[in-house]
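Two complexes come next, and they have one chain in common, chain A, joined by chain B in the first and chain C in the second.
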Partner chain A sequence: MATQVYRKSKLRRALIWGDVRKRRLGMLAYVLNRITGHGLVLYLYLHLVILSMLAGGPSSWDPFIALAKSPAFLVLDVILIAGWLIHGLNGLRVTLTGLGIGVRSQKAMFVGLMTIAVIGIAAMALAVFSKG
Partner chain B sequence: MDNRFERQPAPSWGWFWQAVTGVGLIVLLALHMIAHHFVVPEGLRNFDEVVEYLRTPIIVVLEFLFLATVTPHALLGVRAFVFDFGLSERAERRVDRILTVLGVLTIAYGIWLTWTITQWKS
Partner chain C sequence: MTLEIPLKIFRYKAGDAAPHYDTFKVQVAETANLLDAIEVAWAEHDRTLTFRHACHHASCGSCAVRVNGVERLPCIAPVAQVWPGQGELLIEPLRNFPIISDLVVDVAGFFQRMLASGLVITRTAETTLPLNADAASGADVLKPQAVVVADGLSRYNRFEDCIECGICISACPTMAATDKFFGPAGLAAIYRARLESADKAQATRLLELVDGEHGVWRCHSANECTESCPQNVDPAGAIMALRRDLLAYRFKKLFG
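Up next is the complex of A and B:
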């Protein structure tokens, strides 16, 4: 019984960061960093699996390239870019505040960096779809 | 009774290396995206273009640096998440070993794949 409660508590403790109700901006930034981080780890290994098609030569790779230029794939590209910019810029804030830089202005820094991220996502989305 | 929830957080070397690799990734990932997508006329390279691209020595160095930076950054993130479950020290050491092996295999796979592509004869 005690073990069951302990296990349940461990799970709750590990997942409690995902509960964004009544959280302040700092916690929301932390949750955002974790969610984008998980997504990017998943993408990294998915990307490596897809790249394995290159080992099969042009007959394996070139048909995939035609598919990868479809609008659905381009939307996935934009989602990837969004995850990269949000995680990268938010991670930069985490690193700076972790080093004691800009701790008092971290909320303003978060808003500023996320504004840059939104502008970057829009610009890169335009670049992706103009080439697709 | 040992209350594992009251233990000190995991050693900060994980945070330190994740921060170092993270800062490196801002530059390397930007170069990776530009070199792979934004300078290519149609957005993506066909097979012959990939082979030609990977036969450029500086590109191989850049791609290796990218893989050798992104892999530890990603796996240190997984480590931080898994450690939040409040594992025992023994379990934490096991997770460290598993993630180290996974990281080495990931980088080795990247090197093998690059080598295989550059050796392709059409």
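Up next is the complex of A and C:
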């Protein structure tokens, strides 16, 4: 006779991935990559929806362009750039370690690449707001 | 000098609607380890408390639990180090395993995966307990494979560093999402078995065993397994090395 065991529901177990409390840098990198990945996929769909406005001609497109130049929208642009840089640079680290390269220095790689990301984000933010 | 520590321990017995927590105030010597405190809770407060323990010196791996959310071996965790001096000390079973009773988890699926490497494991009784191992863990029962080494001592070959504690499984975010993942310990054992094996065909079979959506490719490089391991197993390193070996193997197959 099988013994009764206790398991949390599949949904609650799956949500454990987001729990970074008392976890180390590698786990933080994994969660960051997951969040930015989801964000970029969402952006992709939004981008397609927005581009479809082109089919509506100037009356449909021009109001959007006016909105795109607003400060709130520029902040969203900077967040998008941050997502690209973080996901892309961390993705480089994941690719290298996935090939067995630099596995033992994965933490140092993460710190170094995220420093580059932060510098990149700051530079892009400056460019976005100075032109906008 | 003695310390009085409030242990908040996860409780579950078969038939309970849901788990709950009990708090026990235990008195232990300042130099005691956490396992000593758990034993005092059992001896002096509640004899129905179930937990695993054997060697008391980080050799058997059976006592692994989570302490304030962090995986540890309580037999070598000094209470003075893990308890901040105030507040309750939370003791919970390992994550990503079905819970049988209190701090005791069902490790059958875990040990079946370890057996697949062909290396000797110590807790052989726990591979075939009459539990819902296959249904709960989702693991296929893998047939053990004999690892032949050059000097013929295969039956003594054990993955020396790994104490089969399951801490890496508990720390792994992929194991949380799927029971079918081979897991850090199993993959590290396969990697070690390949290094030990003098039989090339066997080494290739082991590589093919972990080439799949639930093998090495399911790992998301969180590295929490290596960080949490109380020994020097480096499962993350082993998984990445297996990936490298797999890519070289596939490349050779493709281009001869």
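Everything below uses one rule, namely that the second predicted complex is superposed on the first by the 123 of 132 C-alpha atoms of A that agree within 3 Å, B and C clash if a C-alpha of one lies under 4 Å from a C-alpha of the other, contacts with A are read in each partner's own complex, and residues count from 1 in each chain.
Note that a contact is a pair of C-beta atoms (placed from the backbone, for glycine too) under 8 Å apart; a residue touches a chain by one contact, two chains touch by 3 or more.
These numbers were taken from a predicted model, which means no experiment stands behind them.
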| item | value |
| --- | --- |
| Of chain B and chain C, the chain that contacts the larger number of chain A residues | B |
| Contacts of A:Arg24 with chain B and chain C, given as first, second, both or neither | second |
| Contacts of A:Gly98 with chain B and chain C, given as first, second, both or neither | both |
| Partner chain(s) touched by A:Thr36 [first = chain B, second = chain C, both, neither] | neither |
| Which superposed partner A:Ala68 touches (first chain B, second chain C, both, neither) | first |
| First (chain B), second (chain C), both or neither touched by A:Ala55 | first |
| First, second, both or neither for A:Gln106, with chain B first and chain C second | second |
| Chain B versus chain C as contact partner of A:Val128, first or second or both or neither | first |
| Interface residues of chain A shared between complexes with chain B and chain C | 13-14, 17, 34, 94, 98-99 |
| Residues of chain A defined as touching chain B within the complex | 9-11, 13-14, 17, 34, 37-38, 40-41, 44-45, 48, 51-52, 54-55, 57-58, 61-62, 65, 68-69, 77, 81, 84, 88, 91-92, 94-95, 98-99, 127-128, 131-132 |
| Chain A residues touching chain C - in the complex, by the definition given at the top | 1-7, 13-14, 16-17, 21-27, 29-30, 34, 94, 97-100, 103-104, 106-107 |
| Of chain B, residues touching chain A in the complex | 5, 15, 19, 22-23, 25-26, 29, 33, 37-38, 40-48, 50, 70-71, 74-75, 77-78, 81, 84-86, 106, 109-110, 113, 116-117, 120, 122 |
| Chain C to chain A touching residues, read off their complex | 12, 14-16, 19, 68-70, 95-96, 98-100, 106, 130-132, 135-136, 171, 173, 176-177, 220-224, 226-227, 236-237, 240-241, 243-244, 247 |
